[in-house]
Structures are given as C-alpha cells and as structure tokens.
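Shared between the two complexes below is chain A, which pairs with chain B and chain C, respectively.
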Partner chain A sequence: MFPTPIERRSVALQRLYKTALPIAMVMWLLPLIAVALTSIRSAGDITAGNYWGWPTSFNLIQNYSDIFTNTPLGSYMWNSVRVTVPTVIGALALSCMSGFALAVYKFKGDMLVFFMFVAGNFVPFQILMVPVRDLTLQMGLYNSVTGLALFHIAFQTGFCTLFMRNFIRSLPVELIEAARVEGVKEWRIFWFIILPLMRPAIAALAVLVFTFIWNDYFWATVLTQGAESQPVTAGLYSLNGQWVAAWHLVSAGSIVAALPPVAIFFLLQKHFIAGLTLGAVK
Partner chain B sequence: MHPALLGLLTIVIGVSGCIGYFYGSNLLLDKVIFPARGPNIGRNINRANLIRPWLFLFPAIFALGLYLAYPVVETLRLSLTDRDAGGAFVGLQNYSQMFGEPKFWEALRNNFLWLLIVPAGATGFGLLAAQLTDRIRWGNLAKSLIFMPMAISFVGAGVIWKLVYEQRPVDVEQIGVLNAIWLGLGGAEPQTWLTIPLWNNFFLMIVLVWIQTGFAMVILSAALRGIPEETIEAAIIDGASPFQIFFKIKVPQIMGTIVVVWTTITLVVLKVFDIVFAMTNGQWETQVLANYMFDKLFRANDWGVGSASAMIIMLLVTPILVWNVRSVRKETQ
Partner chain C sequence: MATINLDQLTKSYGPDEVLHHISGDINDSEFVVIVGPSGCGKSTLLRMIAGLETVTSGEISIGGKIVNEIEPADRDIAMVFQNYALYPHMSVRENMAYGLKIRKTPKDEITRRVNEAADILEIREYLDRKPRQLSGGQRQRVAMGRAIVRDPQVFLFDEPLSNLDAKLRVQMRLEIRKLQKRLGVTSIYVTHDQVEAMTLGDRLMVLNAGYVEQFDTPIELYERPASMFVAGFIGSPAMNFLTATGGDGLVILDNGTALPTRLSTSGPVIAGIRPEHLIAEPEGVLPVRVEMLEQLGANTLVHGVLDGSDIPIVASVTGIQSLPVNDVVRFTPGPDALHLFDANTERRLS
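Let's turn to the complex of A and B:
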C-alpha cells in the first residue's frame, strides 16, 4: 500500500473524499436505480403520480410475469439465445483455426492476410448494410435467425482472429518446435497442444462476443422483422413504442433484456476484463 | 421437434462440421494429395506445408470475403448509381445531392460534436474513476458498478435514459429523474429535454459517455497498475503533490494506453446509431450520419444517397484504420 497520499491529507479532506465517492456512485447508477424502482411499481402508482414515494404495493412478480404473458418478450428472448449461442460457437471455431494459421505459419502473403484482418476490424458496419441485406434476401435467409447468425459469425470472426493470433503469438514457440521435432503431425499440434492452451483466450472471447451479439440492434433491424425472428433488443424497442405510458412494464422489460449479459459480466468478470484489455492493448 | 432440441442439433452439426473439415482436409492433404512417401517425399512434404495455412484460413477468409470485402466494394458501386434510373451509373450525382441537403450537414456537425465530446468525456471520467478507486477498500466493487452499463445494450440504455429525460405536465409529479432534480433545485417548469435544439445532442452524448466510461476505466486502471512504483516513490520523496504525481508522473507514462482508448471510443462514436435511433430518431436536430443513412435507406428507400453517406463514414474511419495498420506493422517487424 505505497504510496498512500490520501491518508496523509487532513482529516476533513479524507472525510470529503470518503463521502463524495459513494454519492458519485449513486449518481452514476441513478438511471438504473430509477428503472429498477419503476419496474416494481403498480400501474396505479404511476398514473397517480407516486414515483418517488414509497410504492403502495410491490408488484415485482406481477410486472415481471406480465411482460412474459402479455407481451412477446419471451419469444424475443428465445430468438436472442438462438442467434447468440451459435454465433459464439461458430466465430470461435473459425477464429481458432485462422488465428493459429496466422500466428504459427510463415507463408507467402501472410502479412497481407493479417493486415486485411486488421483493416476489416475497422470497417464501419453501416457500409455493409445494403449488400448484406440483398445477399441475405437472395439466399432466402431474410427474416430468419439463421441469416442473422451467419452474418454475425462472419463479422465477429475478423475481430476474434486478430485476438487469437495475438494470443497464440504470446505462447512459447519452443512448444511447437519440440512437438515438430518429435514428429507430431501439424493438425495434432493444433488440436492437442495449442487448443488446450488457448482456453483463457476462448473464455474471454466467448464472454465478449456473447455481449456484443446479445446487445446488437442494428443488424437485427436490418435483417429481421417481427416477433418470430427478432432478438430482444428489437423487441425492447417495439415494446417501448407500444407501451409508451406503461413505464412499469417497459422498465421491467429493459431489466429482463439486460439481465443475461449483466449476469454473465458479474459471473465471468475476470474473463470479460481480460478480453477487453487484451483486445485494446494487444 | 422441440425448438431447443433443434437448436442443439444445429450446434452439434455445425461443430462436428468444423472438426470434420479441419480433420478431413488435413488428412486429405497429407495422405492423398501429397503423401509423405514414395520417390518425391521431400517435395511432397514441402508442398503440403505450403498449402496447410490456407486450409486453416479458408473458412474465415471465405466468410469475411462474402460478408465484408464484397459488400464494401458493392456499396462503393451503389453510391455511384441511381435507383430511379434502374441502377444506371450516375457518377458523383448522389454525393452532390447529399451535399445539397441541410439534414446531411446537420448530421455531419453533430457527428463532429460527438467526436469532440464523447471520447474526451469517457476517457476523462474513466481515468478519474481508475485513479480514485485504485487504492480504496471497496474499489473493486465500485469498478464493477461503474462498468455495469457496458454490459447493457445501447437500445436498452436508450430506453433507460428516456425514463431519465421523461417529462410530465407542470401540475403532476415528474417521473423523469432529471426533471425531478430540476424542479427540486428550483427550476421553473419541467423541460422536454430531448427537444431543446443543440442541448439535446449533449443529453444523448451523456448516454454514450455513461456506457463507455467503464471501458476506459478498466483499460486505464490496468495501465495505472503497470506503472513502476519507483517513479512515484521518487516523486513523493522530491515533495510532489498528489496532483503533480497524477498529471506529471502517471499520465505521461500511460499516454500510449490513453491514445488507444481514445481511438477505440472514437470508432464507436463514428458508428453511433442505436442511441439516436431509439431516443430521438434524429428529430429536433439530433441527426447523426449513421441514422441519416438508415433514414435514406429505409424511409426514403434511396440506396444511392444512403450508400454515399456510408462512404463518408468510411472516409472518416480511414485515418484511424491506416494508423492502426501501420502501428501493427511496426510492432510485428
């Protein structure tokens, strides 16, 4: 605990510091607190104007079951799962292989391929919108979970490949060389030596990609429409449009929609932060 | 069949397909095409090793080519054609039409405002939060809470902040947090925050700053931890104040990371769409480029001008792209 400049300061300043910080935290979380509070109020409270006082009744269970029975939020949630899980698996499978190739082999054009992956990472997704929409229409996958997942896999593979390549580069080369000297086949090196060592990278990327895809809204509106194929972000948007006055339901809906990524974030915080740090600093 | 079972089956087929491709293609290469035996064994092994990287790369390159490279070229082509003329080549007509629209200039102005404020705000707050939570007991909890908005979708955040900016008539109690505070502080009457021109842009930016601060904080706090203690010790012995230590010792040492965080958030800002779309949809002079483009494509159904505005976004991203590719190249050499 060195240095501790704050503890050498005067008592008054210390007090100020210690009280200012929690207040700042509450301010920071105020929007979330407001939404959480609204989500357990009754409709009566909201029309009567009782937003800040003690709720007349706690409608936790009623509000949260209402959004599943009276709105199609449940089916939106299920669609999100159907898009997100295959995307995470697909993008990771592809990027493990391509990351391995870029990190381990020297071949003609390897740098060119690598720079293309770097550049692809920075392409603004809007520029892809019209052609990707047309492509999906032509393949007959418009307005289907498959079409959305396929695109996400392709787009995320670029980012994941870079990440994997940098991670494999940081592993000791001697491992691979030793295996080669022993006469181990290349595909066995990948499968039995590199892949097990990549577990931390895979975990970090899985968490990161899960959050990206779960929270995507842009492609959901571009490639799908309607409750039977749209994910929960789009569902939340239309819920907000339809239930303008019913803030208790909209609040409950936005909390439910945010729950999976937030839960994953809290459970797997270590991997999440490792992913962000590795991805940004390289 | 039950949908969950169907989903599981799809995943199993997909994964086994990947493994099958990986195993089968390597086997084919080593056993059938260039077998490691016979008179040409040396040449065969070398040739097999030349091809192998491409076996690993092929699925990813194919996917990216189809969904990334081709669309970029296609959008460039679309931006030079006209829909009403049956997709005929019209040169730069779409661009000149776009430059003649006040909405486009409004979007461009707002994008520049976003670019000025959001990366600076998020990085600044992130640095402040990283420093302040660094050496206190509940610092990790505070960090988790500051970071939490990052896990929420932009649309979800937009909806949440709409509640913050909500406005009710004068005589009823305010549901919006901001109006409640505003009246509590002695404001005359509740404001419709999102319809005040120019200011509403800042109210939208706050949402993105709120989300991105956590990201900046996490990265910068890792960088702060990496600063060698001796430099700080030496500064304390020399009698530097905490502010001097922070600004003259710590910040210069993590400048590289600050730049990375700044550019990463800049990229997010250039593509900002969900927040504006969900909260104001570009009304009341809050238009941004990405939303302008979406408007052109989906409401006006004009892919010529829409693609042209996409190219403008691409143009704005290009310097960052080139700079990144060059710095990666420097690293690898």
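Let's turn to the complex of A and C:
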C-alpha cells in the first residue's frame, strides 16, 4: 500500500516524524505568526524592542478599529475591490468567449491568435512598466482605478484564454454537434450548453485571478498614487508614514487585507467539482 | 420522410482523398446501414449527410433538395451519437425538449411529444433525472428519444450501440429496428459490426478505404458478394479463400484438388467457401489437418490447414463435435457454395 501508514514504520522514524513535523510547521508559519502577534501589540512594545516576547498589553480591538477610523485603510480596501472585481469579471468574460472561439472554430490564423495569447504570458511585465505608465498617462487614466483595472483585464485575459480554450477542448465535441443538428444557434450553444459546463474552470480562475490582482503590488505602485485610487497592497505602507513607524497598524492592516482572497476561496470552493460532464457521454 | 441521394460524393482532407465518388439512392422509409472496418470513412460519410463535415465534391440531396450548403439545423435530420452526447446539466425531459424549444414549438405540444416519445421508449419514469443518474442503456434510450421527438425526415445513427454490453446491444438492436419500422422514417445507420448491419438494414452499403464495395440487401451480400472484401467482411467466421487455377466448369486448387463450378474461367482465380458451407464427408475433396477446435455449443468451429500446405481453413459444423487435433478430416463444399474471384482485381467472377 502506498503510502505506507506511519504507524507501520520503525519507532525511531515515528518519533522523528512527530517532532520534525510541528517544527517545520511552526517555521513555515513564523512570518504569519509574527504579523498576527505584532498586530495586537501596543506601539510601545515595538519601540521597546519587544518583538517576540509576551505583549505588555493586548490591543486587538484598539488596533483593528484604529486602522479603520484613523487611517484611510477603508478607502484602500474599497479601491482594491473596485480594481479586483471588475478585473475578475472582465477577464473571465473575455476569456470564456475567446477560449470558446479558439476551441470550437477553425479559422485562418487561429493558432497564431492562440499563440499570441500564450506568448503574452511570457513577457516579463517589468519591461512594460514605463510604456504602460506612459500609455495610461496619455489616455488620462493614470492614477485611476479604471486604468488599473483595464490594464489587469488586458494582462490576465491571455492566461485565462489559454486555460479556457484547453478546458473547452476537453469537453465532448459531440455535445456541440448534437446541438447544431438540433438547430441550436452558436451563441445559444455557448450560453446554454458550454457555459454551464465551464463552472469549475470559471470558479478556479476566479479565485486565481482574484488572489493575483488583490495581491498585486507592482502595478498598484506604478499606475496609482494616493488614497483616492491606490489599492490596499500599495496603501499599507503609507500607514507607516502618517505616524512614526506604526508597525502594529501596518500588521493589522495586512491581516485585514489578506482576508478577502481567503474568503473568496472558501466561497467558490464548492464549485471546484470535477465531473460536471458526467452522463454526457458513454 | 424523404429519399436521400448521394451523387459522386468525394471528401478530401488537404491532398488526401478519404471518400471516393460515393453514389447511392436511399428510398423513402428505408433503413440503410453503412458498414465497414475502422477508418473506411463511414462516419465521415454520415457526418457529411448530417452537415457536420463539408462536401469536397459531389451532391447530397434529401427529399430531392440539394443540401450541400445547408446548415445541419435546416436539413430536418436527427442524429444519435456513439457517445449519446446528452446535455449533462439538463434533465432527461429538458434534453428531449430542447430541440423543440429552440424551434419555438408550443409548450403543450412539447409536453405531448416528449411524453409520447418517453412512452415509446419506456423512459417515462426517468424524465426528471439527470443523465448521470442513468445507466448506459437508459442514456441510449434518451438519445433516441431526443431524436424522435423532433419528428425529422431522416434519422442518422453513428454507432449508437457500440458502448453497450453485448446483451443489451442485441436487445436495443431489435428495438431500433422495430421503432424504425413503426415510425417509417428514412434511416442511415453506421456500424463496424457486420451482425448488427445484417440484422438492421434493408440494404447495406459496404465501405472499404473510401470506396463503396457493394450496396445491396443483406442476403445478396451474403450469397453474391461482389468482391473478396465483402465476402470476407460479411459472415462470421470469415470466408475461406484458396488460390486456384480456372478451368472449364471447374477450378483446380493449388494442392491439385478439382472443384466443380458452373463457371468457366481461366488463369489464376481465388475460390471462396464459407465455413458453414463445408460439409464433413469421408469422401470429401478437401483434406483439412485439424489444429484447434472452438466449441460454441450450437456449432463447432474447426480451425486447420489444407493438408500438405499452410493455407488456413475454418469449417463450421453443427453441434458439439470432438475431432482429434492433428488428424485429417475431409470436407466437401456444399452445392453452389463456391464463390470465384479474379485473383488480380479481387472482384467476383459471375
């Protein structure tokens, strides 16, 4: 049997396993633990150098209400939502359609189009920094949520199209043919037959894109500045500047900022079900 | 109900021609089976008739109307796919009703036709289930139901039974036959299974490597195969082929045996004898060295070689027979059992 249950291994190995595993886990989680711990300390603790010791006071409620009342964290979070949600919807909508077209239809240059979508993923985005910033400036979209969202949609659609195209390719082609013979129009085939079967792919990509865009720091700092448009990743650091090294507030903000992707994952995970096409064929 | 006419139909993928000048007329209410080995182009031909593949040259007419450029939806056909292709997210009822809904059929009319089809196919109690909750045979019935509710001019079947187990296949075969006779809808059925083809078809179109070998009734294919390919494909176990030399009213096998025939031929010919037409006789002209027996109960297949050669011979004798392996048993072809083919063209000499 594979893997052999740990109870059937030698005693020495069992002891090693039982001590090594918790140590590895704690080391792995150490940065998170540190942030969580810092977020409930008082500012005094941090200036006194008490980073790892027992906190002198537990400021859980005070710190977490501070970041919403005394800092613009709320508006940073709202900016993140305004960038991320349209990006997820936009990139998924576009890639469902482009993926369907590339998977189902044969046309001149279809492979070329597909490879361009794929190749876009291989461009290191750092080299695009200056041209994209200039472009958004010229279009009047610099330092706006719209500009950031549009850029993300454009950049995410490439990967999403690759994913969607391959997913649709794996669906039984006879479903489409059966529908065609029955007289179902192409857009109805897409909307009523293919799209319902793409739910797992849409859910998986939604989580992926949401996490990626929510956590994006690079473009957030390149294309935006100031609390009226900056998302939370870029905004977090500015919490520090308003007071003197308010690391306890930055930590609390970080924890809050990390929650939405986790929430989205648990919200959508029930859609990650394989075998939606069960019963379609054979 | 409609006739289907195929006129010099050709299909090419790039420079490769896969179907060569296929012609044939299918009558109203007729059940035609296209049969052939894998890769002979039978599915491609069906898909061309359905409109899922383009026609390279030639013409397809349904009901006297050329349909080459007409979309599948407008050909008034219904197709049953090998893997059923049921919409997995819709219930059985929705699966069957969808095509009608698209055509804006009134709601009560849809309900009436779905229920009627469900009664015919005995799937009434599954109407609200999803395809994944059904067994293979039930899914097959739903796929058929989806075809018959539309009341089309033509049914197209693409190996619909090949995913079922053997027993169910025999049962469904009979049901399809009965259903087609009852509805009287012109049908084209593709299969690689010659037994299925023989039992279902009013006429069979035997395809080989993109050519029509013969297009005739099952009995005619069996009794007068037009080529060695048809002779070998129709009938199980396959026909024995022996090289021979033609003569006046007889053919001489390579081992010197002379077999009488009504034909006068000359030069090299191929003599074909079906295994079930070989009769064991002490005075038989064909000495067969037995190598193996297959006892099937109703009959016994004797596998051997023509004595003194390595030409394989299969004979089918009735009942359970125990013949000693390595012994020589003599067989005689029954009257009119000999089929002669030209050794070069492999066509029938008649």
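The working rule: the second predicted complex is superposed on the first by the 238 of 282 C-alpha atoms of A that agree within 3 Å, B and C clash if a C-alpha of one lies under 4 Å from a C-alpha of the other, contacts with A are read in each partner's own complex, and residues count from 1 in each chain.
The working rule: contacts are C-beta pairs under 8 Å (C-beta built on N, C-alpha and C of every residue); 3 or more make two chains touch, one makes a residue touch a chain.
Because the structure is predicted, anything quoted here is derived from the model rather than measured.
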Could you look at A:Gln126 and tell me whether it touches chain B, chain C, both or neither (first, second, both, neither)? first
Per the contact definition in the header, classify A:Ser75: touching chain B only (first), chain C only (second), both, or neither. neither
Have a look at where A:Leu21 lands relative to chain B and chain C in the superposition and call it first, second, both or neither. first
Who does A:Ser238 touch here: chain B (first), chain C (second), both, or neither? neither
Should A:Gln225 be classified as contacting the first partner (chain B), the second (chain C), both, or neither? neither
After the superposition on A, what does A:Pro196 contact: first (chain B), second (chain C), both or neither? second
Compare chain B and chain C by how many residues of chain A each one touches, and report the one with more. B
Go through the superposed model and pick first if A:Ser144 touches only chain B, second if only chain C, both, or neither. neither
For A:Gln62, using the defined touch cut-off, is the partner it touches chain B, chain C, both, or neither? Pick first, second, both or neither. neither
Overlap of chain B and chain C contacts on chain A, residues 185, 276-277, 280-282
In the complex, chain A touches chain B at residues 1-6, 21, 25, 28-32, 34-35, 38, 46, 49-52, 78, 81-82, 85-86, 89-90, 93-95, 97-98, 100-102, 105, 107, 110-111, 113-120, 122-132, 135, 150-151, 153-155, 157-158, 161, 185-187, 190-191, 211, 214-218, 233-234, 236-237, 240, 247, 250-251, 254, 257-258, 261-262, 264-266, 269, 273, 276-277, 280-282
Which residues, counting only chain A, touch chain C once they are in their complex? 172, 174-175, 177-185, 188, 193, 196-197, 275-282
For the complex, give me every residue of chain C touching chain A. 50-52, 71-74, 77-79, 81-89, 98-99, 102-103, 130-134, 136, 139, 146, 150, 163
How about chain B: which of its residues touch chain A in the complex? 3, 7, 10-11, 14-15, 18, 22-23, 26-27, 30, 49-50, 52-57, 59-61, 63-64, 66-72, 74-75, 78, 132-133, 135-136, 142, 144-156, 159-164, 166, 168, 172-175, 177, 180, 210, 215, 218-219, 222-223, 229, 232-233, 236, 242, 245, 257, 260-261, 264, 267, 270-271, 273-274, 277-278, 290, 293-294, 297, 303, 306-307, 310-311, 313-314, 317, 320-321, 324-325, 328-329, 331-332
